[in-house]
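To start, the structure itself, in structure tokens.
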Amino acid sequence: MSLPKNIFGARAAILGGLAILTAPFLWTRLDPDFATGFVSLRLVPENGIQFLSVVVPAALVALAIAGLGRLWARYGSSKPLFETASHRLFESPRAMAATFAALAAAGFVMSGKALSLGTFVCIHMMLAIGLNVTIGFTGLLVLGYAAFYATGAYTFAIAAHALPVLPTWAALPLGFTVAAGVGFLVGLPCLRLRGDYLAIVTLGFAEALREILRNLSVTGGDMGLVVPMQARIKAIGPVGQGHASWIAAVGVTLLVALFVHRLYHSRIGRAWIAIREDETAAAMMGIPVVRLKLLAFTVSAGLAGTAGAFFAGFAGFVDPSTATFEQSVLILAMVILGGIGSLPGSILGAALLYLAPTLLRDWFPAISDYRLFFFGCILVAMMLFRPQGLCGSPRHKLELEGAS
Amino acid sequence: MHKFRTILTAAFAVGALLGCQKKENTLKIGLAGVQTGPDGEIGTAPIRGSQLAIDEWNAKGGVLGLQIEAVSRDDEGKANQAVAVAQELVAAGVKAVIGHFNSGCSLPASEVYHQAGIVQITPASTNPQVTERGFNQTFRLCGRDDQQGDVSAKFAFDSLELSKVAVIHNKTAYGQGIAEVFRKTFEAKGGNVSLFDGLASEEMDFRATISAIQKSGAQAVFFGGMYNQGGPFYNQLRQAGFKGAFLGGDGIYDGELIKTVGAKADSVFITFGPDFMATESAKPFLAAYKAKFGQDAGGYAIYGYDAANILLEAIQKAGTTDADKVSQTLRSQSWKGLTGDAEFDAKGDLKKANYVIWTIREGAFAVR
Amino acid sequence: MTPVLKATGVSKAFGGLKAVSAVSIESHAGQILSIIGPNGAGKTTFFNCLSGIYPLDSGTVELGGGRIDGLAPHLVSRAGLSRSFQNIRLFPEMTALQNVQVGRFARSPRQILGTILRTRAWRDRERASLERSEELLAFVGLGDRADSWARALPYGLQRRLEVARALATDPKVLLLDEPGAGMNPQEIVDMMALVKSIARLGVAVVVIEHHMKLVMEISDRIVVLDHGEPIAEGSPDEIRRDPRVVEAYLGRSEEPHG
Amino acid sequence: MADALLRLESARTGYGPNDVLHGVSLTVREGEIVTLLGGNGAGKTTTLGVLSGIVGLRQGKVVWEGRDISGQATADRLRQGLVLCPEARRIFARLTVEENLIAGTWVRDPKLNKAKLEKTWERFPILGQRRKQLGGTLSGGEQQMLAIARALMGEPKLLMLDEPSLGLAPLIVEQIFRILVEINAAGTPVLLVEQNAHQALKIAHRAYVLATGEIVREGTGSELLASDEVRRAYLGED
Amino acid sequence: MQTPPNPDSGALLFSQMLEILINGLARGSVYALVALGYTMVYGILGMINFAHGEIFMIGMFAAVFALGAMGSAGLVAVGITLPLAILLAMALSAGFGVMNERIAYRKLRGAHLLAPLTSAIGMSIVLQNFVMLSVTKGKVDFPRAVAQPLANTTWSLGPVQLTALQAVIFATTFALMCGLFWLVQRTRLGIALRAVAQDRTMASLCGMKVDRLIAFAFALGSALAAAAGAMVAMYQGVLRFDSGYMIGLKAFTAAILGGIGNIPGAVLGGLIIGLTEDLTSYTIKSEWKQTTAFAILILVLWLRPRGLLGERVADKV
């Protein structure tokens, strides 16, 4: 409908509008006078120059990457590569064992920093894989996913205090069961609601849960809980604590991924996708829609709980920040960046989004303040230009084109 | 099985490349604390202070013949990030850490340092728990909340002769900690805490809480929290017609508080260290800080500066970076700093907590 | 002969508008019953009533002697009634084979633990389901397109895939909502053959269709709806000659009677 | 005969890969009622979509009063008097009758609204009685009248209607057709898409029969009434 | 923990309850103003504008910027500068709202629910961090000289104390709501907005420029949020780059509570949330007020999934 010159005009209008709107923020400074209580405004170029000196080069780099990405998209597609590789991996026990052994062995030569970073990446992979079950497979919008993460973490921490004999490995079944139970109870009334309402109710649940965690004494209030030593991941023989955590993290992540992979490639997984694609048609195929949604919700919550309990056993403490909206958004962004509904996508997205800001901060400490800004930009740009994510299929793109 | 071996070998090769570390010829000191986000401003100050001290030492030739490399990490004021930062610092091979800022970050992070056997000096975490866990290489260069809350409660009961006070906190390790100590001391002395309540950190409209304070019949309010909420809280108290005293801890000792409450603020009583900034010996530091960072030094900058100086001096004196020896040295004697003479007790706390009561006079903080 | 599907006095209104009023049909195994009528006559609404998507205002639906009105769609499907949709509603992000496999959902027993552990029993069932699905794809002529994305199939094949998916639930009754819509003449001829062969399998087929040619050729009986009401029923020849039918389609040719 | 008001020249368009219209041409002249007949899926609605600008053309053009308007947006065509009353009425259910009518005047001078409303109440007394009622609460026939009245508020020079008789009882249908004749008699040409062939042909000056995206027959209303093409297009008889 | 109220202070208690009511209503009316923006955008697009809280925050800053600019120009008469600053803040925020729509929503109209939601979340992060990076990480004080005189002027209405500041909030909120009502219910533009909300295709067949009307709805909602922002900034005295998040979330809760898409519902929801919070703070503890607010939301959605005043719209099959 719109001609090329129109598009150009529209872009110019957007840029011009942005320049005008952001002008007061960029080029002026507020000077409060506490004696009189008035405030005055002063023109200062430094603010804006500093901001633009970071953002403009970053934008240019992004444009260059986007250009490369387009070339890649034209001359080769990412999807078969990752999807096939992951499928082969999870279908072959031998490949799984080899991967596990290789990664575990790599721990011997990894630095302590790499081990800790790797363990955190694994935890976020579990979370992304878990959230993908609801958002990606079943199409249920869950915005307060971190609540289940916190549930798992706190469950284990509290249980370890109550039962001084609780072994570390108990974290996994305990976290899964309790979080899944909570997920079931939250899902039961919510799943009758429309998609975006579900998003809000889960978000509200997460906010309320965070408040409760901050207020109760059994959860240690805002300071959180320290997990007793006996329940933490410990060094075993020549394998140091960091390394042991890394091995455990790799193992659990592979198991979680295998679990989801196998569910996905079964009648349950097919039913989930069918529900996402067309609820009515799915029901006509004999699929009990509400029950399967509830199952997806429960499994997903359980996986978050597993990750949470693992975190508690690894980090040795839990606090209410595990249930923040920011945490939920981070996990959501991982799923979306990787590609909604794609298992390797979740894994890739988690790795990228967890590592990128950390590495950016180490390599370019000067712009570490800008990382969230860029994070937001990436979310918006991703939705506009590649809504299917890195590994996703282009379905959402088609929908968009159909709509315009 | 052949494939498996290939993969394994490759993994080891890659790992070996990654793990290969170059020979160290610097002494690495970790500087950790919140540097971004809402608390970023106040949290950056001590880190810059330490940075300044390290620069001075380097200019003088370093310590033990080694140049000192400051490894600065942002924990974003979040506990889990603090753990990650701590692990990173340990991995980076730092010999000692100055940090963290928030008590909520120091608490979990110090566990990591403890396990790794690294000396930690916090310039600002005042929660008692930080040094209460028997970690013999954890030190604190500032006062403790119990000392602070204690001082404030005694002042309220003895000097202001208050008998009924409402205690409000911001639900953080710091705010709630100091508030609880205040309550304990105040009640032990025979006072009555008429209301004890927490506020969400993003909350800025306190009118309902203030009504509850008025209902409780409190004569004064003790506020355990930070200046960004303390200022509006004070203003809204006064707007609601509450005339009683407003007490608080070091969290509200910040120039920003005065900007918010204005020059005419009255009956504000803050516990804070003595006026180190006004001393003659602090002048060069303040000037150097301003020259280097283009800003006036914030309240905690001087603590960061002192912490670094004391730490480096202890390393110099111990003649080694070994944590046990450095800890021993730190405990064994008295250290001179801009914040006065520091002596550490067995727990790692300052033996003499010098909290004094400050107030606002003519648009500036002044010792009462 | 007892009918497999027996709907009696089915009525459904939206607001004040009577979309379907007192429609009764009987459908027999191996026979094709067509429902025709002008736009807005309530045919699709009637299908939605039969398949449990809309609750009925009144009337009953019996399938193989048991009542299915008031059941949720997935239970209706399990009872043995399956359908296609007017505007094709495949699962576009699945392959053709997977679409059909979804149809096998209710016909394979629950085995969550088996799924996770991939037990031998699970694998056997999965293989059986797969084989049955492939068989059905071949039956509708999609044997060589099993791995195509449903969204990537040409329109005519999508319609066929929808039929295969519906058959995968092992229905006793199959409702087809405009199987020939949007097809070219050759595709329509093929579709007619397919519908006939489904009936030959012993399934009771109910078809909504606009292509009169298709309807007249394949139907055993025809029911005509207009304004939600049944106005005629009979064999194709009877319907062709029925003046009420002509009137329903072309409007009244004379001034209103009496 | 007056000059052609609207001409569609060998229009070709469709959705997705398939064409729905394979070169449809038709003409409407001043003062006429032209009917476009055809079975389901023949492409009638798509033809109106092309004329009103909501469906793009792949080939061919739309000529209005001698000018090519193929590239123009709906609003611009509306401003020139090319008004479509779409299929299924599409009343704004949560707007009152009066508001629905005002919505129809968006491209026109609001100062005239009062007079136009008065005229509408005169022509459709039933709407006048229900002016404050929500559109969604009207009966089917009333909604159709409202839809036509809303289209008239746009001051059409050509009124296009898509199946105004859809789902309505025969008596109401007759009423609607009477109204269309009145509108035409008052000087507005009408392009009518209908499946109710008998009624439509009775009031039409000329008619086209559309089958699978092509015009298969053109003629006066009475010619077509007598022809077999119509029966064939609808009933698939040979 | 709570000291039991003095038995002989019944009258005092009563007046304090009234005060709580006033405070709660003041807070609630701010929520209501912000909730209107959510409801309008949802009503017209069926999308949750997650960045709306940030627009509110931009409004706060814009008001201070405007006051600062006027201060620099030597204009300090509160009677003139304050209304002017609110208007300027509304204008700037409206611009941000339109830009927001243009960048993050227009292309995603009709896409899967997740896409606009995600881009909106991204947008909210961008706006928040933009302000943090360009203005300050710390707080900014609302000029005391503007707010203090209003806050210190109190009127007694019977047993109730009402500050001029609260009166300004009530008056502005009330005026803006009436204005919005009038615009949406009584004008041609309002009819067009509602028409676009109900049937975009038919609206464009009526000649309406759908894109522009949607942008207008964003502008309108943003302007309301900015007015709320200016008043909250004045009321609480400080503003920060993250001040919008919680209020946005609460206002959104309010919109859902009242039945999203429904204008009176948003107002009702806002007042209920505001009152609930203050009553919780007063009678239980401030610590629990978020929890009660969200508990009410979940309860209402459970019992009435469409919200209090939401309409039941038949789902299409």
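In this document, chain identifiers A, B, C, D and E correspond to the written order of the chains, with residue numbering beginning at 1 in each.
Assume contacts are C-beta pairs under 8 Å (C-beta built on N, C-alpha and C of every residue); 3 or more make two chains touch, one makes a residue touch a chain.
Nothing here was measured: the structure is a model prediction, and the numbers come from that model.
Undergrad: Which chains make contact with chain A and with chain B at once?
TA: E
Undergrad: Just list the two chains that share the greatest number of C-beta contact pairs.
TA: Going pair by pair, the biggest contact count turns up for A-E.
Undergrad: Name the chain whose C-alpha centroid is farthest from the C-alpha centroid of chain C.
TA: B
Undergrad: Measuring from the mean of all protein Cα atoms shown, which chain centre lies nearest?
TA: A
Undergrad: Could you put a whole-Å number on the gap between the CA centroids of chain C and chain D?
TA: Between these chains, centre-to-centre, one finds 33 Å.
Undergrad: Whole-Å distance, chain A centre to chain D centre, using C-alpha means?
TA: 52
Undergrad: For chain D and chain E, what's the span in angstrom between their mean Cα positions?
TA: Once rounded, the distance between the two centres reads 45 Å.
Undergrad: Which chain E residues reach two or more other chains?
TA: Expected reply: 137, 141, 144, 148, 245, 287, 290, 317.
Undergrad: Which chain B residues reach two or more other chains?
TA: 36, 40, 171, 198, 200, 259, 262
Undergrad: What are the residues of chain D that contact at least two other chains?
TA: Touching at least two other chains: none.
Undergrad: Could you pull out which chain A residues touch chain E in their complex?
TA: Of all residues in chain A, those touching chain E are 14, 17-18, 20-22, 24-26, 28, 30-32, 34, 36-42, 47-48, 51, 135, 141, 189-190, 192-197, 199-201, 203-205, 207-208, 211-212, 214-215, 280, 325, 329, 332-333, 336, 340, 369-370, 372-373, 375-380, 382-384, 387, 396, 399-400, 402-404.
Undergrad: Hey, which residues of chain E end up touching chain A in the complex?
TA: So the residues of chain E touching chain A come out as 48, 61-62, 64-65, 67-69, 71-72, 76, 92, 95-96, 98-99, 102-104, 107-119, 121-135, 137, 140-141, 143-146, 148, 245, 249, 252-253, 256, 287-288, 290-291, 294-295, 297-298, 301-302, 305, 317.
Undergrad: Of all residues in chain D, which touch chain C in the complex?
TA: 16, 18, 39-41, 136, 139-140, 163, 165-167, 169-171, 173-174, 195-200, 230-231, 234-238
Undergrad: Inside the complex, what are the residues of chain B that reach chain A?
TA: 3-4, 7-8, 10-12, 14-16, 18-19, 21, 35-36, 40, 72, 74, 78-80, 83-84, 87-88, 90-92, 103-104, 107-108, 111, 115, 127, 129, 171-173, 176, 198, 200, 258-259, 262-263, 363
Undergrad: Under the touch definition given earlier, write down the residues of chain E that touch chain B in their complex.
TA: 1-3, 5-6, 12-13, 16, 19-20, 23-24, 26-27, 136-139, 141, 144, 148, 151-152, 154, 161, 163, 165, 232, 235-238, 240, 242-243, 245-246, 277-282, 285-287, 289-290
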